[in-house]
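Scrolling down, you'll hit the structures one after another.
Common to both upcoming complexes is chain A, partnered first by chain B, then by chain C.
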Partner chain A sequence: MSALALERDPATQARVIVALAKRALRVQLRRAQFLLPSFLLPLLLLAVVASGTSAAQNLPGFPATGSYVGFVVSGTIMQGTLLAGLMAGIAIAGDIEGGFFDRLLSAPIHRASIVLGRVLGTALIGVVQAILFLAVALLMGADFQGGVVGVVLTVMLAALSASAAAGLGATIALRTGSLSLMQNLFPFVFVLLFTAPAFFPRALLNPVLEAISGVNPLSYVVEGMRAALFDSPALGSVWGGFTAGIASVALTCALAVWAMRSRVRS
Partner chain B sequence: MFSDHTAAKDAGATIIVEALERVYSSGLRAVDGVNLAVAAGEIYGFLGPNGAGKSTTVRILTTLLRPSGGRARVAGYDVVEQASQVRRSIGVALQEAALDPLMTGRELLELQGALHGLRRAESKLRADELLERVDLAPAADRLLNTYSGGMRRRLDLAMALVHRPDVLFLDEPTTGLDPVSRASLWSELRRLNEEGTTIFLTTQYLEEAEQLADRVGIIDHGKIVAEGTPQDLGRLVGEPGLYVKLIDQSQCDLARQLLAVHGAVSDREAGGLTIRTALGARAIAPIVRTLDEAQIEVDAVEVEEPTLDDVFLAVTGHRAEDVAGGEQS
Partner chain C sequence: MSTRGLAYTGGVGFALWRRSLLELARVRGGLLPTTVAPLIFLLGSLGQFGRLDQLVGFPTTSYIAWLVPLSCLQAAGFAGGATGANLARDIEAGWFDRLLSSPAPRPLLILGPVMAAVTRCLVPVTVIFIAGLLLGPGLTGGAFGLFMLYLAAISFSIVASLWGITLALRAKSQQVGPLIQNGVFIAVFLSTAYTPLPFLKGWLAVAAPYNPVTYVLQMGRQATVSGIEPSWAHTWPGLLALAGMMLFFGLLALRQLRRVDR
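Our next item is the complex of A and B:
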């Protein structure tokens, strides 16, 4: 098969994407400085929020979800996947600064495959995070009325959230190529998180935050997770979550591919 | 399109470069009208100090950077318009082996195989074959952060060979390596060349070019200032030099007068004398005999090989110190 045909052959590019996703997953899980923010930090925040602010569930208007930890675990998953996305951006910036990115660019592969490989790897990390965080929530007394189907839908939404975050991280990394800048984006993850109803229902946010949360696609994803976990349309819309998630993935990946093309053209 | 002249002159060439230019946004002209042709099966050494334009040229030829002007074809394909075909035909090992320290040698080779369209089983087989070839089989499943510099370079080379490329680009492949690792890499490159691979290598070491290259181009401030066989370039420096160190430095004046019959004698700043003679190493015995007859004791006599710095000085009139501004990528 010719080079051009290989670059356009879906089966070949699928193999490339899977190989790059495997590398992303493998290397990230071997990197201690990745595991801390992506897995340990969200669990610590889950423990703190679940015990320290559990009185919030007694507020008028707080939905009945059995246990508070069951309600906030969706926010924990969101936090984990956002941090995984940031780490994906950091990894790309590290590849650019360290020269590994040139190795990828000098291979006869479609440029989009480089982005999609990283996004798929991060989506898989999102799946691992969601399963782990849900298991911990169950051990802490959560009861998910949505059952296995609710858990599966939540894991799928986590994968979408991680993919969108990876797309955004990749876009910034490819535009800037700066590892130090990527590392300084850490606080912005919490801005995105707290402008979505991650730990409190949207109705209990102050009017300004509530208005912002309405335009933050993560709001619909986290509410979709809750609706799935508790099989309750009152908590959000599962399909709304999928729509917001898929749209975010499409948008951020398109931006990342565009950033890649700009980088290669320079 | 390439000019008819170039096409005719370089028919059969694997790498053809015509009036290649690269100007960075800062205004730095890193590559300034480079012309060269490399025949199939040839080893071409690209010499120059840091910042001379070597790496920028290689980045253009490997499709990693777009030229600002001029044309280049590699393995029959235009590096801009047929970049994908070029990437399929070349193997690349860039400066300072860029390898992920948290992957094993085997994982990296298998990933490289996938990037070049090999199926999983084929990729595994090729990885095993290459690990054996570069003597890394025992370390195949160790993380890269445990590899020495020489091992990393050998793996880098193996990765460039995964898809059996026609042309191999190596950017300073032995910089920072110890002499044993350097010799081992040279031997592997010779073997590859004997198997038919065309090799384009950049280096700062004239010795490396002499050891490996059929032809050498010297680049300075983005322009090729000399091209030829290593022997041709060595001759630009003039006659070979012999360094004579005396035990008693106060006898230098007498020695200078006596040795004038063997060639042009000059003083060395660090002490001792340099005699330039067409006989080279064959002049050692007569020189020692002359000094011995005058009862001048000799501490050491060394043949001085021309260095890149000497060639640079001869060709450009200035030393091969780092070029101000350096290269950008």
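Our next item is the complex of A and C:
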């Protein structure tokens, strides 16, 4: 089969995507510098927020969810997936600087497969994160009225959120090709996190932030997670979360493929 | 030590301090991460948790007044930790071996980066403090409170720097950078970061009183939190905590330096 035919063969490209996803997963789960920010840091913040700000439940207007840690764990999942996306970008920038990316480009692989492989790997990391964080929240006393269905829907939303973050990370990495720039983007992850109702209900956010959160798609994803976990439409819309998540994945992946094409052309 | 010896020692310390600062001038935006990250945390935490000041018994009616000293301390810690990461780079590049082969007094090899940490932290701390003041909280603690906030921040940057230096000397690799900064992050947040001690629940309520940073924060909060009025009672626990941490991490850094030297 010619190189062009291989590039156009869906079965071959599916195998390529899975192989690249497995590599992404291996790299991120084996190296401490990737594991620490995407797993340990969100857990730490969960522990601090759950114990340090739980008095917020006494504020008028705070939804009665039974357990505060159950309410804030959606924010932790969101934080983890955003950091996993950034780590994906850092890994791509590392591949570019290290020369592995050039080897990928010279192989008979469709450009989109390179992006999709990384996105799929990060989505799987999002799944692992969500399961771990929910298990820790249960150990800390959370009670999810949504049951198994709610947990499954939340894990799916986490996968979408991680995919969107990976698409964004890949776009920036492919546009800049700079490892040091990617590493310096760490604080900006928190801009996306804090402009969504990650730890507090939207109605209790600062008025400026409340207005900004309306245009942040992550707001709908995190509220969708809460609605699923507590089986409560008052906390958000599950389908709204899926719509925002899928739209974000489509947009960021399209941007990443565009960035890839620009890099190849230049 | 003779006058000549003192002059030599001072000269070496000054040269090492100056080298660290020259690097800041050469690397554009070198101070940006240590300034931007705490600023984002300040604004983000204010947006998310700002209504906590409405809780009955909260020591101030302005949540940003509670957060500004936290962000200043965080910035000072990150600036201090960065000197450890820079030392790791010097070790990897072989520059530190050249220093070890020189007749410079060994403690100065640590003192230089520590002095640089103190200088470096002043920029982000001041930027965050001014940004915080513009957002609302008055300087309720007056000049004494302001002095305590800066003393807490500067001293904490020394502690973070000694922690960073210890890890850099042990790991001898730049990969230790995230571990240094995560250590600072953990130390700052496992305290009364978001709410005072009576509002903490669960394990944090047990851990926070044993975390020395809790008392350093209390010392710094005399500047902006009306419920923590400037007093010796709010100062000495912080001073004691800082002295203890400096002694502990200073000894650790010197011990690690002796091992590297051997």
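Please note the rule applied: the second predicted complex is superposed on the first by the 266 of 266 C-alpha atoms of A that agree within 3 Å, B and C clash if a C-alpha of one lies under 4 Å from a C-alpha of the other, contacts with A are read in each partner's own complex, and residues count from 1 in each chain.
Please note the rule applied: a residue touches a chain if its C-beta (ideal position, glycine included) is under 8 Å from a C-beta of that chain, and two chains touch if they have at least 3 such contacts.
All values derive from a computational prediction rather than experimental measurement.
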item: Partners on chain A (chain B, chain C) - clash or fit; value: fit
item: First (chain B), second (chain C), both or neither touched by A:A19; value: first
item: Which superposed partner A:A107 touches (first chain B, second chain C, both, neither); value: first
item: Contacts of A:F190 with chain B and chain C, given as first, second, both or neither; value: second
item: First, second, both or neither for A:V148, with chain B first and chain C second; value: neither
item: Partner chain in contact with A:G98 - chain B first, chain C second, else both or neither; value: first
item: Touching partner for A:L139 - first (chain B), second (chain C), both, neither; value: neither
item: Nearest-approach distance, in Å, of chain C Cα atoms to those of chain B in the combined model; value: 14
item: In the complex, chain B residues that touch chain A; value: 62-64, 66, 84-85, 87-90, 92, 94-96, 98-100, 102-103, 107, 110-112, 114-117, 119-120, 143, 159
item: Chain C-facing residues of chain A, complex; value: 32-33, 36-37, 40-41, 44-45, 47-56, 58-59, 140, 184, 186-188, 190-191, 193-195, 198-200, 204-206, 208-209
item: Residues of chain A touching chain B in the complex; value: 1-4, 6-7, 12, 15-16, 18-20, 22-23, 26-27, 30-31, 95, 98-100, 102-109, 265-266
item: Residues of chain C defined as touching chain A within the complex; value: 32-33, 36-37, 40-41, 43-52, 54-55, 175, 178-179, 182, 185-186, 189-190, 192-195, 199-205
